[in-house]
Amino acid sequence: MFNTIGIFTKSADDLATAYFRELNLFLKQKGIKTVEFSEPDLDSAKLSLNNAIDLAIVIGGDGTMLRVSRLLAPLGTPVVGVNRGRLGFLTEISASTMLHDIDRILDGDFFIQHRTMLSCKISQDKSITDHACAFNDIVIGRGRIGRLIEFEIKINGKLVTHTRGDGLIISTPTGSTAYALAADGPIIDPALEVITLVPICPHTLSHRPLVVSGDSNIEVRLINPEIADVIVSVDGYTEYTINNDEWLNITRSETNVKLVHLTDYSFYEALRSKLGWSNHLGSK
Amino acid sequence: MFNTIGIFTKSADDLATAYFRELNLFLKQKGIKTVEFSEPDLDSAKLSLNNAIDLAIVIGGDGTMLRVSRLLAPLGTPVVGVNRGRLGFLTEISASTMLHDIDRILDGDFFIQHRTMLSCKISQDKSITDHACAFNDIVIGRGRIGRLIEFEIKINGKLVTHTRGDGLIISTPTGSTAYALAADGPIIDPALEVITLVPICPHTLSHRPLVVSGDSNIEVRLINPEIADVIVSVDGYTEYTINNDEWLNITRSETNVKLVHLTDYSFYEALRSKLGWSNHLGSK
Amino acid sequence: MFNTIGIFTKSADDLATAYFRELNLFLKQKGIKTVEFSEPDLDSAKLSLNNAIDLAIVIGGDGTMLRVSRLLAPLGTPVVGVNRGRLGFLTEISASTMLHDIDRILDGDFFIQHRTMLSCKISQDKSITDHACAFNDIVIGRGRIGRLIEFEIKINGKLVTHTRGDGLIISTPTGSTAYALAADGPIIDPALEVITLVPICPHTLSHRPLVVSGDSNIEVRLINPEIADVIVSVDGYTEYTINNDEWLNITRSETNVKLVHLTDYSFYEALRSKLGWSNHLGSK
Amino acid sequence: MFNTIGIFTKSADDLATAYFRELNLFLKQKGIKTVEFSEPDLDSAKLSLNNAIDLAIVIGGDGTMLRVSRLLAPLGTPVVGVNRGRLGFLTEISASTMLHDIDRILDGDFFIQHRTMLSCKISQDKSITDHACAFNDIVIGRGRIGRLIEFEIKINGKLVTHTRGDGLIISTPTGSTAYALAADGPIIDPALEVITLVPICPHTLSHRPLVVSGDSNIEVRLINPEIADVIVSVDGYTEYTINNDEWLNITRSETNVKLVHLTDYSFYEALRSKLGWSNHLGSK
C-alpha cells in the first residue's frame, strides 16, 4: 500500500532522532523505502517532494504536525503523527506503541479523515497582496496590548457585526481545540466542514462564537485602521502587519489535510485525556 | 403559487386577532383561500390538515412558531412568522410591514430554508417508551435544584464524557439562539446540519460546548439513576420524567422545517438586533 | 488548649468509622476527652452541645463539613475537616496524615480563619415566614426545567437588575468554589467578607457575576410569581418553595464559621489540586 | 466648601471647550475661583498643583478621568467627571444637566467614595527598575500575537499557579468594568478594597478569575523569559517591555482616588445603562 514513506522530525531533538532510527529500521526491514526530512529545512523540501512519498509520518508535537500537514496538503499525501511524550490532538500515535501502530497502518487498519484548511487572502484595492493557508486558525489581533482593534465582519457580503476587542480567531474544526478553545470557543467535530469565528475579549458583552458553513466567504475590514496596529497570524506564527487599506478574505482552502487515523481512533478520547475531563468539582 | 394559506394565531390574543383580520381580508382579495387555526386547538387541527394548505403564516411569538413548525414539518408545508411586536429569531416579518412583505412572498420574492429538527427516543430495555420531536432543543435537566445529575454521553457508540452538573442541552442550529445561548453555547448558522451539545453548569470546569455532525447518534444515560430526579424537556416544555433504567437516543429528525425567508433576509441582522450588538463597553 | 473534642462522622461510612477509632484512641491517649457525633443525628445533637466541646473534627466530605459547620457556628466552636479520600476544599487534612496533623493542631500549629455565612429570610407582607443560614450558598432556582424565572434584585434598596434565567446563586467566599464556580462565578479568597451574586444561564447575555460588600442587604423578588415555580435551596439542599407574595432578604449572618487551618495551609494549593491547574492545552 | 476648582479638558475637543466655558462662567458667578487645565499638558500641570485646587471637574471621557484621577490621587483632591455624550462609568454627570448637578455638589449634596488604586513595581535583582500606579488595571500581555506567555503568580509568597496564555489582568474594583470585564472577569462593587486577577485566554481551561484581599502582595514572574516578548500596560497604555530577569510586584497603592458622587448615585444604574441589561433573549 505504501511504497515510500517520508519521516519528518525536528533535527535538534534527540528523542525524536532516536524514534526516527527505530522507525526507519523497522520500515526498511519491511521493504519500504524511507525518506528523511527534518526541520528547519522543511520548506526547501517542498520542491523535491513531488508525490515522491505515499505517506508522511511525523515524529514531534502538534506544531511540527501543523507545518508538515500544510506542506503536504497540496500534494494530497496522507499524514500521521507520533507524539514523543504527551498525547497531542494531532499526534495520535504514542511513541511507546509506535512500531505496533505503524504496523497496523501498513496492514490497512486505518481510515483517512479529510480535514478542512483555511485560505486567507490579504487584499488592497483590487489586488491580492499576500496569501496564506492555515490548518488551525487565522488570528487577527492587536500588535501591542493597550489598544483595542475595531473591525467589521461580513459573510457572503452580508454584515455580521462591527465590533471592538483584542481580535478575532477564524478557526477550522481542527483549530477548535487550539487557541479558539482558550478564547472560549466551542469544540467542533474535526470531520465537519464548518468555520468558527471566535472574538477575543470582545467589548460587546453579548458577542459569542459563531459557527458558519465551510462554504462561507468571510471578509474582515478594520475600522479606523490608521490608529490600529494589527497583526495577522497563521497557525500561531505572526505573518503580516496589516496596512491601512488592506482587508482580509477568508474561505475554506481548496486543498485539505488527509489525516491517517487508526480504525479505532476516537476524537473524544483525546478530548477527555487532554482536557482533564475526569476532574470534577467537589466530591459526590 | 399558494392557493390555500393557513393563518395561525393565539386565540386569546386581541392584537394577533386584529392582524389576522387584516391579513385574511388581504389574502381573500387576492383570490387566495384561507384557513384559520388558533391555539390552543392546534393539535386537533393536525388531523384535518392533510396537505390542505400550501403555506402557513403564523402571527405570534417564537413559541407559537415552534409549535406550528413542529406540527407542519411532517407535511412539508412551508411556514413564515409575523411578530406582533419585537422581532423574533423565527418571526421574521414585522406586523407593521406585514401586508407588504406577504405580498412579496406571494410574488415569489422568497427562499425556503430547510431547518434541522431533532428526534428524541426514550428507551427501556429494548423497547422505545416515548418519542418526541424538537425544533429548538432537547434538555436533560434535574427536576429540583440542589441535586446534581450525573450522566454519560456517547456518540455513534463512542464514549464522549461522563459528567456531572445541572444537565445537558442538545440543540439544533435554530435552538442555538435560544436556551443553548444562555448556557454559553455558540451561535450556529441555522442552515447548517449540525447538532450542538451544551453542558449546563458542568462540574468539570474544562467542559465546553461540542458541535457534531447532524448524522450523529447521541446517547445519554444516567449514572446512579436511582438518586436522580431527571426531566427531559422539548422546546422548553417539560415532557418526561426519566425512570431508572431509561436512556435517551437523539438523532436528527427525518423531517425538517421549511422556513420561508424574504430574499433579502439576513440571520445576522436578527442577531445584531436581538443581542444588542451595538452596545460596547466604554467609549472609544 | 483543647480539653474536649467532638468527632463527627457519617455513621453508615465504614472507612470514616475506622478513622474515627484511630483518632479517638489517639486523643484519649493524649488525655483529651472525646465526644462522638454521627450523622444523621446531628440536629438532635444541637441541644446537647452547649459549648461542651472546644474543637470539632469532622471526618467526611465537604457535605458533612457544611452541616457540622452550620451547626457549630452559633456556638463559636472551631472546626477542622479530615477527608477520607480526595482533598476537599473544606476537608484540609488527609486521612493518611491525620494523626500527625491533628497533633500539630494540638501543639498550636494552626490559625483560625473566620468564614462568612449568609442569612436568608423569606418574608410575606411584614412577617418573616422562614429563615435559614448558608455556609456555601443560597440558590433561587426554577422548580422544573422548561420555565424561566424572572426576578428583580435590589441591594441596599437600590435596583440592581431585573432579569430572567434559570436562577441566581448568592454565595459566600467559601461557596465560590462550589456551585457558583460551575455557573462561571469567580473564585474568592475565603478570608474576604464579600458576597457574590452569580446568575444561572441568564437570558441577558451581558449579565456577569457581581461581587458586593459583605454588609450588603440583598433583596430578591419574583416578577410574575403566579406563573413561576421557584425553589430556594441552601447549601445544595432544597428548603423552600416560594409562594406568590414572598420575597427573599439575604445578608451576612451574624455568626461565622471558625475554620481551623494548619499554619502552612494554602488555599491556592487546594485550588491547583482540585481544579487540575496543571492541565494545559497543547504542548509548549 | 470649594474655594478653588480645577476644570480639566482635552484642549482639542470643541464640545468639551464649549462646556468648559459654560461651567467656568457659572462657577465665577458663584464667586468660585477656577483654574483651567487641558490635555496634553496635564503632566506639566503636576508641578503647579500643590493643593491649589479643592475640587477637580473633568469634562471628557473615562480616559481623561483615569489620567486626572491618577494625577490628583497623591494630593487627595476630590474628582468628579462630566461626560460629553454617553454616560461613562467614571463620568457620572451628564453634560445636559451639568450646571444643575455641579450646583448640587456645591450645596453639599454628594459623598466621596475612596477608590482603590494599584501600585506596580518592576524589579531586577534587588533593585526596583520602574514603578507605576493604575486606577483600572495592570496588564501583563504578550507583545505580538502568536506566542503564548508563561508565568507564575504568587500571593503573599505562596504559589497560586503557573500558567500559560495571552496574559493576566490585575484589576482594581474600578477596572472591573473595563478590560477585565471583556476578559470575563466579575463586576466588583467599586467601594470594595479587593484586587481581581483575570487570566486572558488561559490555556488551562479550569482557570477562573480570582478575587483577593486588597492587602495582597502579588508577584508575577515569567517562565522562560528568554523566549517571551512581554509587555506591561497600565490603564490601557503600554509602559514597559519586561526584560529576562525582571519581575512584577503589585500591591494596593498607598494613595487612592477620591471620587465625588451625587448623593443619589447608583453604580447599578450605570451598569444597567452601559451593559444593556434590558436586552433579553427571546420574548416571554
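Just so it is clear, A, B, C and D label the chains in written order, and each chain counts residues from 1 on its own.
The working rule: contacts are C-beta pairs under 8 Å (C-beta built on N, C-alpha and C of every residue); 3 or more make two chains touch, one makes a residue touch a chain.
Here the structure is a predicted model, which means the values were calculated and not measured.
Peer 1: Going by the touch criterion at the top, tell me which pair is linked by more C-beta contacts: A-C or B-C.
Peer 2: So, comparing the two chain pairs, more contacts are at B-C.
Peer 1: List the interface residue numbers of subunit A and of subunit B, divide the shared ones by all numbers used, and answer same when the ratio is over half, different when under half.
Peer 2: same
Peer 1: With centres defined as the mean of C-alpha atoms, identify the chain lying farthest from subunit B.
Peer 2: Comparing chain centres, D lies farthest from subunit B.
Peer 1: Can you give the whole-Å distance between the Cα centres of subunit A and subunit B?
Peer 2: Averaging C-alpha atoms per chain gives centres 34 Å apart.
Peer 1: Averaging only over C-alpha atoms, locate the centres of subunit A and subunit C and give their separation in whole Å.
Peer 2: So the centroids are 44 Å from each other.
Peer 1: CA centre of subunit B versus CA centre of subunit C: separation in Å?
Peer 2: Subunit B and subunit C have C-alpha centres separated by 39 Å.
Peer 1: Tell me, which residues of subunit B touch at least two other chains?
Peer 2: Counting only residues that touch two or more other chains, subunit B contributes 181-182, 184, 203, 205-206, 208, 275-276, 279, 281-282.
Peer 1: Treating touching as the only link between chains, describe the layout with one word: line, ring, star, complete or other.
Peer 2: Topology of touching chains reads as complete, every chain touching all others.
Peer 1: In their complex, what parts of subunit D are in touch with subunit A?
Peer 2: Touching subunit A from subunit D are residues 139, 141-147, 165-167, 179, 181-184, 200-203, 205-206, 231, 233, 236-238, 275-276, 279.
Peer 1: Please name which positions on subunit C make contact with subunit D in the complex.
Peer 2: It comes out as residues 150, 155, 158-164, 181, 184-189, 191-192, 194, 196, 203-213, 216, 266, 268-269, 271-272, 275-282, 284.
Peer 1: Across the complex, what residues on subunit A touch subunit C?
Peer 2: It comes out as residues 61-63, 85-86, 88-89, 177-178, 181-182, 205-206, 208, 274-276, 279, 281-284.
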